[in-house]
Amino acid sequence: MTRRNSPVYTLGELAECLGARLAGDAGRQIVGLATLKEAGPDRVAFLANRAYLKDLADTRAAAVLLHPQHGDACPVARLELDNPYLGYAALSRLFDPLAGREPGGVHPSAVVDPSASLGEGVEVGANAVVEAGVRLGDDVVIGPGAVVGADSVVGAGSRLHANVTVCHGVVVGARAILHSGCVIGGDGFGFAHDGAGWHKIAQLGGVVLGDDVEVGSCSSIDRGALGDTIIGNDVKIDSQVQIAHNVQIGDHSALAGCVGIAGSTRVGKHCMLGGGVGLSGHLTLCDGVQVTGMSLVTNSITEPGVYSSGTGAMKNAQWRKNAVRFKQLDDIAKRLVRLEKGRDA
Amino acid sequence: MTRRNSPVYTLGELAECLGARLAGDAGRQIVGLATLKEAGPDRVAFLANRAYLKDLADTRAAAVLLHPQHGDACPVARLELDNPYLGYAALSRLFDPLAGREPGGVHPSAVVDPSASLGEGVEVGANAVVEAGVRLGDDVVIGPGAVVGADSVVGAGSRLHANVTVCHGVVVGARAILHSGCVIGGDGFGFAHDGAGWHKIAQLGGVVLGDDVEVGSCSSIDRGALGDTIIGNDVKIDSQVQIAHNVQIGDHSALAGCVGIAGSTRVGKHCMLGGGVGLSGHLTLCDGVQVTGMSLVTNSITEPGVYSSGTGAMKNAQWRKNAVRFKQLDDIAKRLVRLEKGRDA
Amino acid sequence: MTRRNSPVYTLGELAECLGARLAGDAGRQIVGLATLKEAGPDRVAFLANRAYLKDLADTRAAAVLLHPQHGDACPVARLELDNPYLGYAALSRLFDPLAGREPGGVHPSAVVDPSASLGEGVEVGANAVVEAGVRLGDDVVIGPGAVVGADSVVGAGSRLHANVTVCHGVVVGARAILHSGCVIGGDGFGFAHDGAGWHKIAQLGGVVLGDDVEVGSCSSIDRGALGDTIIGNDVKIDSQVQIAHNVQIGDHSALAGCVGIAGSTRVGKHCMLGGGVGLSGHLTLCDGVQVTGMSLVTNSITEPGVYSSGTGAMKNAQWRKNAVRFKQLDDIAKRLVRLEKGRDA
């Protein structure tokens, strides 16, 4: 990445960009965003959660992005919008130092196979590798040290950060963001046993990522055994996530850090998996399922809703006693039934 | 990787390769594999699981690989074999686009130390690094961006995919497959505390991988503190797995995704650890132990069998009530005993 | 890395370096360390744990590092020290093959932006990339294939192993050790929902690592949304750990492998998180908290001590019965109350 100066906007420009109603000096220069508490007089803050309403009166921000209902309580200039959190998201992208940079072209140290095709405005970073038959859409950025394997396709506007690996025969949709260290298209975990040891099943499928997919640092999405592993549009995947072969994830689902999904499981649309959740293989989760952090799901889920497993944390001394009792739980339940029968007799 | 054309075989060639009995046109050309349901007339399907028997009658495959007992039910040509799943594994490797490629030699952008020794047919990919004193056996493939640290040894026929890191002084056996992003030989987690803070214990051991080991994307195997971390022959390790210093894994064991094994634990031969399983440090698991997904094992296991921990997932509203009761479980058990005594009095 | 000969010291040199009392031949040459059981006559062993006292009488080591109380029981030369484990840590660093190497300078294949500033004795490995505006302190080592993003700072004496990624605008303190495959400063997981899908919140904060921080292989520390993610001094982080945006970790805390910490959670000083522990977002853990392996913490902790969740592992057949009863636990507790009321009536 080449350096760029931090962007500066006027309040008027920000209001126009957001479609927000501005109450205040449209010419005021803004250099960035901050929380209500930490914003100085050259920054915009936002109020999107009532828990922070207490910080509004004392803010030193140049202006606050908020819902019109809080306009009167705002001691400084304001940008009014019905969904201020969405407005914050839009502003954050304006101030992103990676946005709006001039593309750097293909770095002389990058190795791009002559058979690869590169769209307009493509950047390939230092010591990156683009193998034979790869197609990179317009404005694709391949970070330094990243590798795109033979015959893979990366859609327009996608960014692969430094040291990303996209293996051979993978399809990445448009506007994807793949963070450093993630691996798309490593082999799925497939072996046949002959009674003595393992025989590898070559993983002949690929991975298809839809449009607007994000994959976090050090996450891995394995290629399919025969068919493809399929990630829908607008699916957001955090860091340290493992998605096994032939998994399918529906559009707009979000997977928090350290999630692991075993082979051939299908997750519906608009699902949300909390950090560290595990899904066993060959399950189906319908649309709209939420699973709370570190839960293990071993059966398919056919009704939308929130699901959980595990026990809450407690002091270790207390936990030891209870955990021992857990091993006696079936016995406890049976003894209770006997007592109940005795009472009723 | 350079491109290659997809392989094409005749049914007769496939039958000979498998040692299967062919009933059908030996000259029929086959371009790949697919499931019974999805196979077109230029592909071979297989039946290895009775759950898919229902798909046999309607398959459009060129031929089906199956057990002789299902031969009569097969509407198309067939390849009969006593273990069709093993046959599928063999066929999958024939159609692997990575197999049978001409080795690409040492790419001009790769940095190979003059003191490294390379066997016959070795390929070192673009921007890969092979440090001083490394020995690469015949037909080893080092993917683009991969690094092999000083004095490490990689056995014949092994493949390190793109962006793999093998640190210094590591031994990788023959025919290993190391997937992108995995790290073999990072430091174990060892520190001495002086009452105020931590003092690093240099990790002076190495890692030894046996023959036919596979390690998944983004997995890490740490080097030993004094002795080595040792992975046996034919051990299969999935993605996102962490193996700490001085762990030993017996031959033919398989570790699914996201497994974590703490320091100095020994896992026997023919063990299977489900996804997300955690093993505490300094344990011994005997041969033939299976642990189901996301279980935590804190004590040694001396009998083969299947082990589990945790609770199944349920609706969050139900779970909340039960999880609160878990904290009262010891109390519940004691009150039950009092009631039982009262009844018997 | 270039090769070096293994270091050799005399017993007298080691005693001086440790400030230990030597009983034995000060001129004896020592080539390394080993356990009491495995040490040969050119190695020093140590006794830091009474569990290994049984191995002392038969050791073949050149000398043993131990507490003075065990001096008389030692059959060979000895180095007496009040804290022999701390002494072992110090010796291990003397014998570390990575220590004391001559720095290799900037490898010709490395790409270092002309605007980067490099201190004295800096080494940049083969095919590494140092972007614009980066500042590397004295004696920094950047491993082969590692990438340091624009405007990041790495403090004196820090080592980034092969294929590490430090993203743009990250601050790494002095004497850090970052292991292969780790990623510092990937985007935090932040999105606003518009009722239909996700809108990215650009992650405008950075990551600040204090001095003497270690980060294990394949771990990830995400950049902050507005402010920074902050890791204190002397914090030790194992492999496969995920630290989300705006997390703060206090000085001297240690996180074992596979830990996951969700956004904005604050961990105090001198905390220890066992392998696979999960912390929900927006929590505060006070100083001195220990959490045992694979526990999930969903509430803030205000008292030092040891905390746990989950159930111990048991045979699967036993577990199945108890896990079913867990789902009935609230009902069991209520029925018990009814029985108790009946008895008292």
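Letters are used for the chains, namely A, B and C, taken in the order the chains are written, and counting of residues starts over at 1 for each.
In this section, a contact is a pair of C-beta atoms (placed from the backbone, for glycine too) under 8 Å apart; a residue touches a chain by one contact, two chains touch by 3 or more.
By chain, UniProt protein names: A, B, C = UDP-3-O-acylglucosamine N-acyltransferase.
A quick note: this is a predicted structure, and the numbers were derived from the prediction, not measured.
Engineer: Can we say the copies subunit B and subunit C touch using the same residue numbers, with more than half in common, or are the two sides different?
Structural biologist: Different; most numbers are used by only one of subunit B and subunit C.
Engineer: What is the Cα-based rotation angle between copies subunit A and subunit B, on a 0 to 180° scale and rounded to a multiple of 5?
Structural biologist: An angle of 120 degrees brings one copy onto the other.
Engineer: Averaging over Cα atoms per chain, report the distance between subunit B and subunit C in Å.
Structural biologist: 25
Engineer: Touching two or more other chains, which residues of subunit C qualify?
Structural biologist: 109, 127, 145, 163, 181, 218, 240, 258, 310-312, 314, 324, 326, 328-329, 332, 336, 339
Engineer: Considering only the defined contacts, which subunit B positions touch subunit C in the complex?
Structural biologist: 109, 111, 115, 127-129, 131-133, 145, 147, 149-151, 163, 165, 167-169, 181-183, 186-187, 189, 191-192, 194, 196-204, 218-220, 222, 225-227, 240, 242, 244, 258, 260, 262, 278, 280, 291-292, 295-299, 305-312, 314, 318, 321-322, 324-326, 328-329, 332, 335-336, 339, 342
Engineer: Within their complex, state which residues of subunit B touch subunit A.
Structural biologist: Subunit B residues touching subunit A: 1-3, 32-35, 38, 83, 85-86, 88-90, 92-93, 95-99, 107, 109, 125-127, 143-145, 161-163, 177, 179-181, 212, 214, 216-218, 234, 236, 238-240, 251-252, 254, 256-258, 275-276, 293-294, 310-317, 319-320, 323-324, 326-330, 332-333, 336, 339-340, 343.
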